[in-house]
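Each in C-alpha cells, the structures are laid out below.
You will see two complexes here that share subunit A, one where it goes with subunit B and one where it goes with subunit C.
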Partner chain A sequence: MDVDLLAQAVVSGVLIGGLYAMMSIGLSLSWGALKIINLAHFTFILIGAYLTYQLTTSFGIDPFLMIVIVFPLFFVAGALLQLFFEWAKVDEFRSLLISFGLFIIFTSLVRTVWTADFRRISSEDNPYASASIFVFGVALQVPLIAAFIAAVVIAVGTSLALSRTHFGRAVRAVVQDAEMARAFGIDPRRVAVILSGLATAYSGLAGVFIAMFQVLSPTMTFAWFGIVFSVVILGGLGSPYGALGAGIIVGVVGGVATVVWGPLSAPLVTFLLLIAALLFRPAGLFRRSTA
Partner chain B sequence: MTTRNKTLIGFAIAAVVLGLVPNVVDVLNAPGFYLTFMFTMFFWISQASSWNILTGYSGYFSFGQGAWFGIGVYTTGILAAKNGWPFLVALPVAGLVGGAAGLLLGLVVFRLRRLSGEIFALTTLAVSFVLASVARLTSLIDGGRGIFMTGTPLPEFLGDFRTSMYRMTLVIALLTVLTAYLIFESRLGWGLFSIRDDEQVARGLGVPTFRYKMIALGTNAFFGALMGGVWALQIGFITVEDVFNIRVPLLVILMAVLGGMRHWMGPVVGAAIIYTLTDRLNSAGLADLNQVIIGALLIVLVLGVREGIYLRIRARWVASAVIFFGAMAVLTVFDVTSSLIWDFSYALLITMVMLLIPTPLWERLTPRRIAEPPGDPPPELPVPSGKAST
Partner chain C sequence: MLEVRDLVAGYGQAQALWEVDLTVDDGEIVTMLGPNGAGKSTLVNAISGLIATWSGTVELDGRGLTDIPSHRVAEWGIAVVPEGRRIFPEMTVVDNLAVGAYNHRAREASEETLEWVHGIFPRLEERSGQLAGSLSGGEQQMLAIGRALMAKPSLLLLDEPSLGLAPIMVEAIFEILRQINQAGVSILLVEQNAIDALDLATRGYVLEEGRIVIEGASSELLENEALRKAYLGL
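Right after this comes the complex of A and B.
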C-alpha cells in the first residue's frame, strides 16, 4: 500500500466531504425542521451549477463572484417554494411525491436549456479548476478548499443561528410544537419560509463549487442521490454539524475505498455504511436516538 | 352470485379475450406494434400492481422496485444467456431469487424496533444502489461488460418473439393482479390495511404485523423480479445503467398514485393511463416535454385527486363510460388519427379532464347525485341484533 496515495486519498476525502456536506445541509434542514423531504434540492444544486457555468462563460464573471449572485437568487426561490408547500398543506409522504415531480420537471428543463452534452467552464473563465496547493507533497485543489471552508462557515453559522439567535429559537419552537409556538407569537409560516430560503441557497452554493471543478451533465443528480442521503441520514436530520461530520466520513471512506479496491467500490462501501447506520444508529452517528 | 365470484369470472373472461388478441392480430393482419404496445402495458401493470401490494396496502413506501426488477433481469440474463438454461426454467428462478432478496431485506429492516416509513423508503433506495455497484464490480454478474440476450432461444409453442413476449407478460400480469385482488379481499389484506392505518394499534389487536409485512414485501419482490426476468428479452443488451436506474421506481410510483393506492384496480388503471401517455409523447418525439408533463401530472394528482383516478371513475362511472366510449367511437368512425392507439390515448385524455374536476364542483354540476349515488353501494349499517361477526 502506497502511503502517499493513501494520505492523498484521506486529505481529498476530507475536502470533498465539505462539498458533500454543503450539498446535504439544505435537504437535512428541510427534512428535519420543515418535515419536507425535498428532492428538488438535487435540482437546485444542478441549476446552481449550470447558472454558474452560463454566467461565467457568457459574461466572464469570476466563479467566486457567483456566490453573491446565487445566494440571494436561490433564497427567494426557496422561499417561494415554501409558500407553495404551505399553501398545499402536505405531509411528509406527499412532499416526497410533489418534490419528486418538481425534480423531474427541473431536470428536463435543464436538459432543454443546456442539452444533454457535457459542459465545463473554459479555463480562461475559470482559472481555479486546475489550481492546487501542495502541502507536504499532498495536492489540495483550490475549488475543494474553498468549498470546504464555505461548508464549515455554513455549518457553524447555521448551527450558531439555530442555537443562539431569536430566529433559531423560533425554528426550534416550531419544530417541537407549531401550535404552541403560534400561541407564543411566532409565525410558523414566516419561520418556515426563511428556513427554506436558506436551505435552498446552500444547495445553490454547492452548485457553484461543483461547476468550478466538474464536468456538468443533467444526469449527474442521480450520482448525488446516494451520497446526499447517506450524509443526511448519517449526520442526523436537521443537524448542520452532523452533516459536516458525516460528509467528511463519507468523503474519506469513499476516497480510501477507491485507493484500496478501485473506483467502482466507493459507492458500494458508502451504501453499506449507510445501511449499517440505518440499522444501528437511525438517529444519526452523532446523536443518541431519543424517545 | 357473490362479488368475489363475479370478479373471478371477470378475470377469466379478461384472460381469454386478451389471450386471443395475438390470433386476432394475426387474422386481421394488423401491424405488430399493437402487440408491443400491449405487452409493454402488461409489464407496467404488473410492476405497479406488485409495488402496490407492499406500499399501497401496508403503507411502507418503497423506492426498491428497480432493485427487484433488476434482480429478475440479471437472473435470467445470467442463467439463460450466459449458462444456456432453457428460458422457461430460468424465469421462475428469477422470481424466486427476487422474492428471497425481498425477504432478506425484510428480515433486516422489519426487525428494527424504530423503523419509520422514511427510513424504510431510503433503505430500499440504497439497496438498488448497492445492487448496481455489486453488479458493476462482479464479473460473474456483469462486470461492466453487459449481457447479450438477443440469441436466447424461446420455446416453439409461444410463437414468434412478439407473440411470446405478449403471452408471457400477459400471464404474469394476470397472476400479479389476481394475487393483488386475492390479498385485497383476504384477512392478510385487512391486516395490511390496519398496519397502514396504525401499526401500533394493529399489533395490539393481534395482527401478526411482522409476518404480514414480510409476505407483502416478498410478493412484491417476487412479481417484480419475475416480470423483470421476461423483460430482459425485450431489453436485448443488459447494462447496469439500463437496469438499475430511477425510471422503474419513478414510473411505478406515479402509476399507483395516479390510479389510487387503496384499491387493487388502482395501479392497473394508473399503469394503463401513464404508459399510454408516455408512449404517445415519446412516439410524437416529445421525450423532454414528456418528462415535464409527467412531473406536473404527479403534482396535480397528489394535490387534486387524493383518492386516485380509479375511485373517481367508480364515483362518476356513467360520465366516464359515456365520454370514453363516445370519444373512442367518434375518433374511430371519422378516422381522425392514424391508429387505434392514438384514438385510445385521446379518449383517455378527454376522460381524464372530466375526472380532474374537483368533487364539490362536480356535485354542483350534477345535482341528481344527491338523491342516489350511483357508484358505490351505501355502507352497510351495523345491525343491532347481536349477530356474531362473520
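Right after this comes the complex of A and C.
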C-alpha cells in the first residue's frame, strides 16, 4: 500500500469532513432542537451552491464574498420557513412528509431555473478551484481548507452560543420544557424562528463552498442524504461539536476505504459504522446534545 | 395585588374551574386547599398563563394578565413553582437559575438575586455546575423555588411544594417560604398538607370540584368543622 496515498486520503478526509459537518449542522439543530426533520436543508445547500454559481458567473463576485450574501439571505428564508411550519402545526413525524414536499418543489425550481445541465463556476471567476497548498507533500485544496475552517468556526461558535448565552439557555430550556420556558419569559416561537434562521444559513454556506470546487447538478442532493444523515446521527442530534467530529470520522473513513478497497466501498463502510454506532451508542458518539 | 374574578378554565373540552374568585393582598401568604382533582393545578396554571383562561379576569396590581401573551407574565411579576417541579433536568443548576432570570426586569439584577437565592439555599451554590436532573428530590424543589425567585416576582405561586418530600424537608421548605415572604414576596400556596399550609398562611380557600366552597382566615378555617373532618383528619 502507498503510504503517501493513505496520508493524502486521511488529510483530505479530515477536510471534506469539515464540509460534511457544515452540511449537517443545520439539519442536526433543526431535528434536535426544533423537532423538525427538515429535508429541505438538502435543497438549501443546493440553492446556496447555485446562487453562488450564478452571482459569481454573472457579476464576477469573489466566491468568498458570497458568504456575507448567502448568510443573511438564508437566515431570513429559514426564519420564514419556521413561521410556515408553526402555522402548519408541523410535528416531528409530519415534518418528514412536508419537508420532503418542499425538497421536491425546491429541486424542481432549481432544475427550472438552471436546467439539468452540469454547471461549474469558470476558472476566471473562481481562481480557488484549482488552488492547492502543499503541506509535507500532501496537496490540500483551498476551498476544502476554507470549508473546514468555516465548519470549525460554526461548530465552536454555535456550541459556545448554546452553552454560554441567554439565547442558548433559552434554546435548551425550550427543548426540555417549552411550557416552563414560557412561564419564565421565553417566547418559544421567537427562539424557534431564530434557530431555524441560523440552521438554514449554515446549510446555505455549505452550498457556497460546494460551488467552489464541485460540478453542480440538481440531483446532486441524493448523494448527500446518506452522508448527512450518518453525520447527524453519529454526532448526536442538536450537537454542533458532535456533527464536526462525526463529519471528520465519516470523511476519513470514506477516504481511507476508497484508497484501500476502492470508491464503491466508502458508503458501505460508512453505513456499517452508522449501524455499529446505533447498536452501541444510540445517542451519538459524542453524547452531550443541546437537550 | 392579585385579583381573580369569575375565572373559568379547563383542558380541551373538560371544564375544571367554575367562576373562581380569589384575592391575594400585598405581602400576604394565602393558601388554596382541596383534594386531588379539585382544580388546584388548573388554577395555578391559569394564573401563571400556562393554560388559556376561558372567561373571567386575572389582574396583578390592576393590570389584566389574561390579554397578554403568556411569556410576558413573568415580566409582570408572577413566578411559578409548578407541580412536579419541572426544572430543566439536562441543564446545570446555575443555568436553571439563569433561565429563571430571563425576563428583562429580572435579568438586570440577576447577580444580586443569585446571591440572595444562594443565601437562602446554600446547597444550590454547592451544586452549581451539576445537572439539575441529578439532584435529590428536596434539592430539586429548592431549585424550582430558587428559579422562581430569580424572576424577581412580586407574587410567587407554588403548586404542592411538599409533595413527595420527607417531613423534615417539608418543614425546611415552609420555613423558607416564610423567609421569602418577609422579604416582600406575596405567596399563593396550593397544598394538600392543610395543617402546615394554614399554619403558614394568613388566609385560606378550599376548592372542591372546581368551585371555592370555603374561605376565611387561617384561624377560622382551622376551627371549621367540615374542613377539620375532610382535610385535617380531626
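One rule holds in what follows: the second predicted complex is superposed on the first by the 287 of 291 C-alpha atoms of A that agree within 3 Å, B and C clash if a C-alpha of one lies under 4 Å from a C-alpha of the other, contacts with A are read in each partner's own complex, and residues count from 1 in each chain.
Everything that follows uses one rule, which is that contacts are C-beta pairs under 8 Å (C-beta built on N, C-alpha and C of every residue); 3 or more make two chains touch, one makes a residue touch a chain.
Note that the structure is a prediction, hence the values are computed from the model and not measured.
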(message) Applying the document's definition of touch, where does A:G185 land relative to subunit B and subunit C: first, second, both, or neither?
(response) second
(message) Which partner chains sit in contact with A:R172 here, subunit B, subunit C, both or neither? Use first/second/both/neither.
(response) second
(message) A:M66 in the overlay: touching subunit B, subunit C, both, or neither? Say first, second, both or neither.
(response) neither
(request) Go through the superposed model and pick first if A:L278 touches only subunit B, second if only subunit C, both, or neither. (result) first
(message) I'd like to know which partner A:L198 touches here: subunit B for first, subunit C for second, both or neither.
(response) neither
(request) Compare subunit B and subunit C by how many residues of subunit A each one touches, and report the one with more. (result) B
(request) Under the contact definition given at the top, report the residues of subunit A touching subunit B in one complex and subunit C in the other. (result) none
(request) Could you please specify the touching residues of subunit A with respect to subunit B in the complex? (result) 31, 37, 88, 90, 92-94, 96-98, 100-105, 107-109, 111-112, 222, 225-226, 229-230, 233, 264-265, 267-268, 271-272, 274-275, 278-279, 282, 289
(message) Looking at the complex, which residues from subunit C come into contact with subunit A?
(response) 48-50, 69-75, 79-80, 82, 86, 88-91, 95, 98-100, 102-104, 106-107, 147, 151
(message) List the residues on subunit B that touch subunit A in their complex, please.
(response) 61, 108-109, 112, 114-119, 121-123, 125-127, 129-130, 132-134, 136-137, 144, 245-246, 250, 253, 257, 288-289, 291-292, 294-299, 302-303
(request) Within their complex, state which residues of subunit A touch subunit C. (result) 166, 169-170, 172-173, 176-177, 179-188, 291
